[in-house]
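The same chain A turns up in both complexes below, where it pairs with chain B and then with chain C.
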Partner chain A sequence: MKPNGKKLELKEDTTIRERVLNIFRKMKKLGYYWRLFPAVFWLVVFLALPLSVMFIYSLWTKVGYDMIPTWTLQNYLDIFVRKEGLYLRLLLKSLGMSAAVTLGSIALAYPVAYYISTRGGKYKYVLLALIMTPYLVSWVILILGWRMIIGHNGLVNILLMGVGLEPVKLWKTWMAVILVLIISWAPWLVLPIFVSLEKIDRTLLEAGADLGASPSENFRKITLPLSVPGLLVATFFVMIPTFGEFVAPVIAGGASGATIGTAIEEAFKRMNYPFGSAMSFLLVGIALITSFVLIRKTGLRTLMESL
Partner chain B sequence: MLRGKRILSTYFYLFLLVIYLPLLFLLAFSFNNSLSAGFPWRGFTLRWWEAFFSDPVAPTTVKNSFVVAVAVAVVATLMGLGLAFVLVRREFRGKNVLLSSLLVPIAIPFLLIGTSLFLLLQRTFHLERSLLNLAFAHILVALPYSSLVLMARLIGFDRSLEEAAQDLGATGFTTFRKITFPLIRPGIFVSMFLTFIISLEDAAIASFLAGSDPTVPFFVYGRLRRFEGLPLVMALSSFMVLIALAFTCFFLISAIRAKSE
Partner chain C sequence: MKIDVELKNVTKKFGDVVAVDDVSFWVGKGEFFSLLGPSGCGKTTTLRMIAGFEKPTEGEVYIGGELMTDIPPFKRPTNLVFQHLALFPHLNVYDNISFGLKIKKLPKDEIKRKVEEVLNLVRLPGYEERKIKELSGGEQQRIAIVRALVNEPTVLLLDEPLGPLDLKLREEMVVELKRIQREVGTTFIYVTHDQGEALTMSDRIAVMKDGRTLQIGTPMEIYERPKSGFIADFIGRSNLFEGSYANGVVEVDGLGRIIVETEPQVSEKGLVLVCTKPEKISIGRTLKGLDNVFDGEVKETYYQGQVTTYRVLLENDSLITVVALSSGVKDIFRFGEKVEVGWNKEDAKLII
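Entry: the complex of A and B
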């Protein structure tokens, strides 16, 4: 009995140790996850919570300088009916602005990225840095520079008058907003497009040439389709922020620069938080759906590598 | 063929000229002795630069911008590191939910981050508008960038190097310091740079969260909107442009030096 008992004890001893070790290992494994904590905390407190608060306020009603919890959808309805659909028109105007700015800035950036990728040689990164520099500072800061170029007494008008033509009104027009935004965004888009062009296998182009394709055919049938991921990432980068743009419309557009972004800013300035929240929340929905479609198409991997 | 090439390079230099044009105009006309910001040229003066440096608010905006941007770059990169390690190296329930919510801050316009945080911090918690609030918001919008950059770096990471170090008796911390960190260092630099720029650039969020202590873009936006003191704004803008140009020169020189070594 005795030796047997001793054996049993020993065995139990090891299983207990085993168990303690297992628990310890599990804790260590779980311990790895503390790394998530700060970011998750941030996403909950500074993203999920404010968006929920904004949604709640969007259901309230403004009375005087206060808000009362009424739980109504009137604010959302107001976007479509108030001032004969003015806000709906502003929303559509913003979406149109986004589309125009996206197309315009990609069209400006693509040849630049193509030039750097194919002809940059060993100076590729120097050229990229040169392109990015002007926008290390906010383009808001550069807007006075633009005013001196396309403003009332600006370079363009001075040149026009110099050759005997009538000066044109560019500043404080919708054109100016679009123009300033397009030129401001273009340098940022050079990078993602450049990255996708760099990934194209050169041997494909050689094979195309060997099979008798002209350079322009090669470009249309190989380079352009293969750079689509970069174009989608670029679209994501411009389109989403431009939905809510209000700085350029206010400064460069003046009275004709009203967008949904300026309407939201205005509503918040006038302390009409419920209506501002409703407009904001509608825009959140539109932006999220657009982003979802774009990211689905590009894939997270491409997005990561374009940064 | 040759003509196409020439058109392309002409276009490239034209593009460079166009994007540098506003910078050059700002720099030149900040020395213009005229109350209207811009043409016509009325002679050289330093008075706008003097006005800028002796202004009680304008120089502090530069400091504010940089303080917030540096804090945001450091904190967002550290948080991004934590996220990137777990997201790349572990499988767990809710991973996809976390990944998609991580993208939300850049999947909606900055304006909406501004309005929603304004409602939470100022209207619900009744906090004062401050640079701290602004930094909170900037960290949020910088987080997707820093974690994506670092995730990309970690995905291409050869883990056998870490295992080898541990087999040779290195502790967890030593492994990180000697193996992991040097390998992801470029990613950390890119992340810090990107998040720094994102914070430095922003006027939209700042216009909702920053108060009497503005950052540069917010200050400039306010002045432009009220159309006041524009020559001073030109000096301030030029000052920022000079910093940007100095930074690029520094970057280029160190890159060229690194190559020649």
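Entry: the complex of A and C
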């Protein structure tokens, strides 16, 4: 045991050293934070700032073609009451579109992912790369490509007329919007579903077979439940961007392609910034809630690993 | 004895590689039968052919008297305990165990009763709702065993299920497995590379090497009367001497004569192997009353508590292993000490 006095003296000695060291440590720590600067700068300037501006607009009042900084919630209320609920209907239509596209594209992607994962052999990754090739083409051109097939003078109608039938109107319909979106999303979804299928330990299927499960029972009781994380990731991929989709509705849907996305675009075009911003923010809110639910269900780690 | 499983001239080739080479054996009802061999000897492939996961290239597999060669695994009366258990991670203990019963569409209360029964059998009552991740290694092991056993298979196949466990747990599970087998009376076919496990649990053992069965017999037969040098060395360390046999005596170059008891059918050259187990050899400064006594020098001493293991250099420059009961500090021989080692003629087994 050291006598008390000496102990105190020692402490006195070290404090100055400690302080200096602490300052250095803090600076070092700050140094680490500085490395985040480019990313943070990017996020603030190009995401947080414009979004904040938009959020403020959504709470201002529109007078003629101008806005005045009078705070109001009227813009949000308007979504539900204006034009006899037209915007609410558009919102629901968009959500419905999003759900249909999600289900449809997963239904299309799952068998492909399953096939590549189980039968791909050494060509697995070649096949995956080939599946991704449509995305070498721009989104708008991809959509317009469908006009060649289901457009008024498209392949389908040429064939129909060839066998003496009346041409049908497929292009510029709501069905065309859904169809185009499903087919353009499906290749993307092959990826997360493939990843989750690859993670399944094949001996589990042997165990299932050993316990008497036929191949189809094995699929239902083992493969499908264990690929749920992939399905949730896929849902995340499609559902959220599709909420506000307006390119495909405009090009493939025409007059019947009105969605909340096109309504937002329309509002901004007519200089109705507060109303457009309010609709945008409602969508952001819905997307946030959906993301939250999906993350809770999937687990952030699974989600990020599959991205 | 009623025969549960029979393999007739079974061969399995993977491309040009012969994994299992003309293997034949039978397993009786209620028997604990082990396939024992080093890794790559074809024991797991043999087991997987019985389970139905591999199809024999040649030969037939019979289970319960019926030809099974072309029957898929899910239609066979066998259940397999996998090496890495393969418990379903998305299901709890109850759903794992009842997996097979639900597929057979048994009534709900019967399933419940059976699951309870097997959980009691492995002393894990009340574990129904637990998640697989929450279980310890030993608990997972037990669940994997009863998940297979609950289906009341004609034969239960076990593919080195104790491999991933630590030593102490393994020893516990060996006792546990034997108890379970005794209680349920199901035929067990057990694959292992661990001779200790095989000797402890089995009624009979098939020793495999390079896709062939070298010897099939009770643990005692295999340990005491190995049919080849490989088996003698694989099943408990053995001291092997090569020499030429004549009239009950084997002449070993540089060492001298070893008196043996068995009358062998000597091969043309007259070359034989003499096998003596380490624990059958006495060690001391002077030995009396033994048929074979040789001079040696202690090279290594391992005090292991109950026993002490010595490596002794003989005059023909061969190192032999001697395991002696530890009898006290003053009786331990140290490095460099001159000793005598000896054994009786009945402990000098001939391998032709």
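Criterion: the second predicted complex is superposed on the first by the 280 of 307 C-alpha atoms of A that agree within 3 Å, B and C clash if a C-alpha of one lies under 4 Å from a C-alpha of the other, contacts with A are read in each partner's own complex, and residues count from 1 in each chain.
Here is the rule we use: a residue touches a chain if its C-beta (ideal position, glycine included) is under 8 Å from a C-beta of that chain, and two chains touch if they have at least 3 such contacts.
All values derive from a computational prediction rather than experimental measurement.
Chemist: Pick one for A:213: touches chain B only (first), chain C only (second), both, or neither.
Modeler: A:213 sits against chain C, while chain B stays out of touch.
Chemist: Look at A:156 in the shared chain and tell me whether it touches chain B only, chain C only, both, or neither; answer first, second, both or neither.
Modeler: Neither partner.
Chemist: Look at A:280 in the shared chain and tell me whether it touches chain B only, chain C only, both, or neither; answer first, second, both or neither.
Modeler: The answer is first: A:280 touches chain B but not chain C.
Chemist: Kindly classify A:251 by the partners it touches after superposition: chain B alone (first), chain C alone (second), both, or neither?
Modeler: first
Chemist: Should A:222 be classified as contacting the first partner (chain B), the second (chain C), both, or neither?
Modeler: A:222 contacts chain C only, not chain B.
Chemist: Determine, under the contact definition given at the top, whether A:125 touches first (chain B), second (chain C), both, or neither.
Modeler: first
Chemist: If we overlay the two complexes on their shared chain A, which of chain B and chain C does A:99 touch? Say first, second, both or neither.
Modeler: Once the two structures are laid over each other on A, A:99 reaches no partner at all.
Chemist: Is chain A touched at more residues by chain B or by chain C?
Modeler: B
Chemist: Shared contact residues on chain A for chain B and chain C?
Modeler: none
Chemist: Which residues of chain A touch chain C in their complex?
Modeler: 201, 203-204, 206-214, 217, 221-222, 225-226
Chemist: For chain C, which residues count as touching chain A in their complex?
Modeler: Against chain A, the touching part of chain C is residues 51, 53, 72-75, 78-80, 82, 84, 86-90, 99-100, 103-104, 147-148, 151.
Chemist: In the complex, go through chain B and note every residue touching chain A.
Modeler: 1, 4-5, 8-9, 11-12, 15-16, 18-26, 29, 36-40, 78-83, 85-86, 90, 92, 98-99, 101-113, 115-121, 123-124, 136-137, 139-140, 143, 145, 147-149, 151-152, 155, 190, 194, 197, 200-204, 207-208, 216-217, 220-221, 224-225, 230, 233-234, 236-237, 240-241, 243-245, 247-248, 251-252, 255-256
Chemist: Mind pulling up the chain A residues that touch chain B in the complex?
Modeler: These residues of chain A touch chain B: 32-33, 35-40, 42-43, 46-51, 53-54, 57, 108, 111-112, 114-116, 119, 125-126, 129-149, 151, 153-155, 158, 183, 186-187, 215-216, 240-247, 250-251, 261, 264-265, 268, 273, 276-277, 280, 283-284, 287-288, 291-292, 295, 300-301, 303-305, 307.
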